[in-house]
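Each of the two complexes below includes subunit A, the first together with subunit B, the second together with subunit C.
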Partner chain A sequence: MPLTGAQAGYGNDFVTGMRMAVKDVNDAGGIAGRPVELVTLDTQAEPQLGINAVNRLIGVEKMPMVLVAWSSVVKAVAPICNREKVLEINTGANSPEIATLGDYVYTAFPLAEVDITKLAQYVYQTLGKRRAAVLYINNDTGIDAAKLYRDTFTKAGGQVVAFEAYDPKATEFTGMLLKTRAANPDVVHLHGLTADTPQVIAQMRQLGLTQQITTYSAGYNPKLIEQCGPAAEGLIVTSLAPGVQENANVAPFLERWKKEVGRVPNGLPYVQYQYDMIPLAKALYDHVDKKGQPATGDTLRDALVEIRTFDLPMTGKMVIDGHRVNKPVYLLTVKKGAFVPLATLS
Partner chain B sequence: MEYLSTIGILIAIYVILAASYNLVIGYGGLATVAHPIFFAIGAYVSGLLAIHTSLPPPVTVLVGAACAMLASLLLAASALRVSGDYLLIASLGFQLGLLQLIKNLEFTGGPGGLGGIPATIVGPARTPAYLVIAALLAIATVFAIRALVRGPYGRAITAMRDEELAFTALGRNAMSMKLVIFAIGCGIAGVAGGLYAFYFQYVSPDQFEVLQSAAILTMVVLGGMGTAFGPVVGAVLLLAIPQAITFLQLPPSIMAPMQGIIFTVLVLVFLFLRPAGIMGHAGRRRRTAGLT
Partner chain C sequence: MLDPIILAQILWTGIATSAPYVLLTAGFALTLKVTSLWNFAQAGLMAIAFYAMFFCLNVLAWPVFAAIGAAVVLTGAAALAVEVWGLQVLRQRRSGNLTFFIFTLILSEFVIYVITLLFGTEPQTLFKSILSPVAIIGNIAVSDWDKLAVATAAAGLAALWLFMTRTREGQFLVAVADNAKLAELYGISAQRAYRVVAVIAALFIVGAMYLVGSHGGIVPNTPMELVLTAVIATLLGGIGRVFAAAAAAVVLALIQSFSILLIASRWQNLLLYGFLFAAILLFPRGVRVPRLRLAGARR
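For the complex of A and B:
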């Protein structure tokens, strides 16, 4: 996980979420009486550092299973895990390519197909939009998702009138936005990262683009509302984890964050997934223990495939579907400066 | 062992990179920052050839190195006419431009990076085999460069670096010499790239950004610019220290910020105590002795 660098805000909260789960599992007796220990290494979300970290976890700490996030790191360490027969679980990256990285690479986090296709269908069918503009960040997160959105929306019968990419380091989007305005869409899908999404939204509103904006879970962030103010009103975001209304465990979890950390986590749905990785790991180890097998990458992987359906405290039911998972998508919208649930797409 | 071997391979690759960069900037005095892009060209070309063709790996690495060399000639032919600061800017532009190209082409994997490079060597002997290959290549590179700069041609190179006007006045062609040094240095970087692609089986454009230029430059400067073994020391220190710090058993909340701080402080201390680089003094004495 990135503990320093540009992505550290999320990375540290991911680890804090996992640590809370480790405490809970240990308080309840650990795994068959043995305490769970979390070994964390910094990747800075950089492929090379990720490779070093995973090599160390496998070579020095002899870990049979690693939890990894951020698409480029998940991809960079995949050859090592396949070679060393260590189970790699993606906990937060959503590049569709992750499903095809090899026999030992699984995901516990829904890949972009899940929320983007459902969102695009919802926008066409329920919101009745016909002309979409797709603005995306020019990296693996943006490109793959933007193509998925375009293809789904066009297949449903809609028209994509603008398909514009922006540089990950850009801070100024006027050219792209004026082009979008000229194309006259009735809905804009924005697929960026947490850092640039508020800037694009603010500039869009300044330039007089009043269309409905949709984005994905990167937009589901209380900071966005703070930064954009009234410009965020009406924004539709997706969340891949149930919120306070849908899952009774989430409210106490938030309270615990406020008590222990003094604030709510960055990217709550992501952190819910991180928490759930520990109960998931416990389920795998318990399964292996019950069969009297040693915990290796192979046996843990078999356990994952054999158990298949997991009931996890923060994100609910998870079904492993080959190298993918399927989950319901929760839509939220910004109303009077707060996220309120809009619909659940299953 | 696997872990230490992997760090060893990474160090060997960076020794090759830093030594070749030292040839260009330290001995040749050519202020370029684009070295990582030739590393990238080597990595991408050999990776793509390994994926799409059945050429033997050493051939793909050599083709990658040849492409890096060709690209370096393209940059050099235009930019070396103007030297000094202009070369710096031209090389930066060249690096950023090519990176944009890699990020926006479909067959290079775009910004998501190029994966699926075949493993080539399989089984438990893989990492030790790569370690031996990488170490041999690194040693060969360092000693080849050392032999080159210690010979008569090397004296001509340093003469050109230190006093280009006098050098040309003696009837030597500075331009062709710069082209040769640049092509050799960048070609070697291409070899390092090929090695990287085959061992790690994944390359992404972010790995070859300006930050990488800074890292290699730090290795050269810290170790001792214009010395044969300086880049080796620099590469070993810069790659081993951050790894060693993670073994200090600090809690992660302290470890994360401390890692950056310890590392920066160490680099500053070295630069302060040994401004000419760790190997700098010994190297300079030897060179002066050789000239008199």
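For the complex of A and C:
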């Protein structure tokens, strides 16, 4: 996980969510009486550091399973996991390519084809938008998802009038936004990361682009509202995990988080998935224990496929469907400075 | 895209965006002119300036002017410390250019690592909101930040020009820049000139970092990228030509902004590196604009 670097705000909260779950699992007796230990290494969301971290986890720590997030890192470490026969589980990246990375790479997090497809269809069918602009960060997170949005929106009958990528290090977006303004879209889909998304939205509003903005779950972040202020009003974001209203476990979890961390988590839905990775791992280990098998990449992978349906405390029912998972998409919008539910797309 | 309003908007926003780079370039180029050093330690000073303001505003909840004042004091003190306990020692040892270069670069990396440990690596802004009120002037969106940025850069350059041309201290800097040994024969202290330059650069750095930090998120490593722009502008403007370097910073920002008309936005940042190559290979003494000769002018 990125514990330092521009993505550390999310990465550290991911690990905090997992630690809470580890404590809960251990308080309940661990896995067959053995305590769970979480070994975390910093990737800075950089592929090369991810490779170093996974090499260490496999070579030194002898881990049969690794939990990885951020698309570029998930992709970069996949060949190692396939070669070493170690189960890699994606816990928060959404590049559609993750489903095709190999026999030992699985996802517990819905890929972009789940929320982006449904979002693009919702924008066309329910919001009645016909001309979309797609602005995306030029990395693994943005490229695939932006293409997916463009293809889905076009297939639905809409027209993508601007399709612009920006450099991950960019801080000034005026040119791209003016190009977008000239294309005269009636909706703008933004697919960036937590660091750049608020800046793009703020500059967009300052340049007089008043169009509806949509983004994915990276935009479901209270800091974004703080940074963008009134510019965030009306923003539509996706969430792939049930909220307080849909899942009774979420409110106590949030309260506990506020008590222990002193604030709300960055990207609550993501953090819910991270929490659930530990009960999921426990289920896999319990399964191989029951069968009297050693915990290896092969046996854990077989367990994942055999169990297939997991009932997880924070994100609910999860069905492993090949190398994908499907989940309902919860849409939220910013109203009076807060995220409020807008629709649920099953 | 060739709508005059869009072109005017790109022009205005490009000029406003260039303002922090103008200030950083002026500080960097002045330091190079007077001390003959590529002082990469300025990246560390940028980090100190930003995080000092960030700490005063967000942790101590000080008013803006107090936070800026604290940053000026802290950055100025750090700049003097680098000069007195670092660069001066190396000069006394008659160290080579490479030693100075490595020293300043490592110093910046050291400062950035310390700041990373203290403040983390999450992008931070000086103010909770990065939204600046906007006025539409002649169909062009002009934000309060744009106006502040342009005014700060213009005031900074004007003050520097007045200082360099109208004060004895400024003329001493020019004398040291021309020939430090000769200046010392005339009783001008080169050491004092170096310290004055360090403080001036610190002032420019604080101004620039206020603008950058109130416009978008900064991580501890951001200053290394900012200093690169200052280096490119200094090379293009020509070593020893402070105001030409500042102008080059504006031109660079405008080229980047207008390039959107011809290339995809994801290539815009790559242009900077292209200019760096071109500047080093083709214009080692800077881009010189030929002077116009008027009819009848004396030959």
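Rule of thumb we're sticking to: the second predicted complex is superposed on the first by the 346 of 346 C-alpha atoms of A that agree within 3 Å, B and C clash if a C-alpha of one lies under 4 Å from a C-alpha of the other, contacts with A are read in each partner's own complex, and residues count from 1 in each chain.
Throughout what follows, a residue touches a chain if its C-beta (ideal position, glycine included) is under 8 Å from a C-beta of that chain, and two chains touch if they have at least 3 such contacts.
Because the structure is predicted, anything quoted here is derived from the model rather than measured.
Q: Look at A:I58 in the shared chain and tell me whether it touches subunit B only, subunit C only, both, or neither; answer first, second, both or neither.
A: A:I58 contacts subunit B only, not subunit C.
Q: Applying the touch criterion given at the start, work out whether A:A76 contacts subunit B, subunit C, both or neither, answering first, second, both or neither.
A: The answer is first: A:A76 touches subunit B but not subunit C.
Q: Which of the two partners, first being subunit B and second being subunit C, lies in contact with A:K179: first, second, both, or neither?
A: second
Q: Can A:A170 be said to touch subunit B (first), subunit C (second), both, or neither?
A: second
Q: For A:N26 in the superposed arrangement: first (subunit B), second (subunit C), both or neither?
A: Once the two structures are laid over each other on A, A:N26 reaches no partner at all.
Q: One more residue to check, A:N249. First (subunit B), second (subunit C), both or neither?
A: A:N249 sits against neither subunit B nor subunit C.
Q: For A:P230, using the defined touch cut-off, is the partner it touches subunit B, subunit C, both, or neither? Pick first, second, both or neither.
A: After superposing on A, A:P230 lies in contact with subunit C but is clear of subunit B.
Q: Of the two partner chains, subunit B (first) and subunit C (second), which one does A:A8 touch, if any: first, second, both, or neither?
A: So A:A8 meets both subunit B and subunit C here.
Q: State whether A:R205 touches subunit B only (first), subunit C only (second), both chains, or neither.
A: Once the two structures are laid over each other on A, A:R205 reaches subunit C alone.
Q: So which bits of subunit A does subunit B touch that subunit C touches too?
A: Common interface on subunit A, subunit B vs subunit C: 4, 8, 138.
Q: Help me check something: in the complex, which residues belonging to subunit C touch subunit A?
A: 1, 3, 6, 9-10, 13-14, 17, 116, 120-123, 125, 128-132, 134, 136, 141, 143, 212, 215-217, 219, 225, 256-261, 264-270
Q: In the complex formed with subunit B, which residues of subunit A make contact?
A: Within the complex, subunit A contacts subunit B at residues 3-4, 8, 12, 15, 40-42, 46-48, 51-52, 55-56, 58-60, 71-72, 75-76, 78-79, 83-84, 95, 97, 101, 138-140, 143-144, 168.
Q: Given the complex with subunit A, which residues does subunit B contribute to the contact?
A: Of all residues in subunit B, those touching subunit A are 1-4, 6-7, 10, 103-104, 110-113, 115, 117, 119, 126, 200-202, 204, 206-207, 243, 246, 252, 255-257, 259-260.
Q: In the complex of these two chains, what residues of subunit A are touching subunit C?
A: 4-6, 8-9, 44, 138, 164-167, 169-176, 178-179, 181-182, 195, 198-199, 202, 205-208, 226-231
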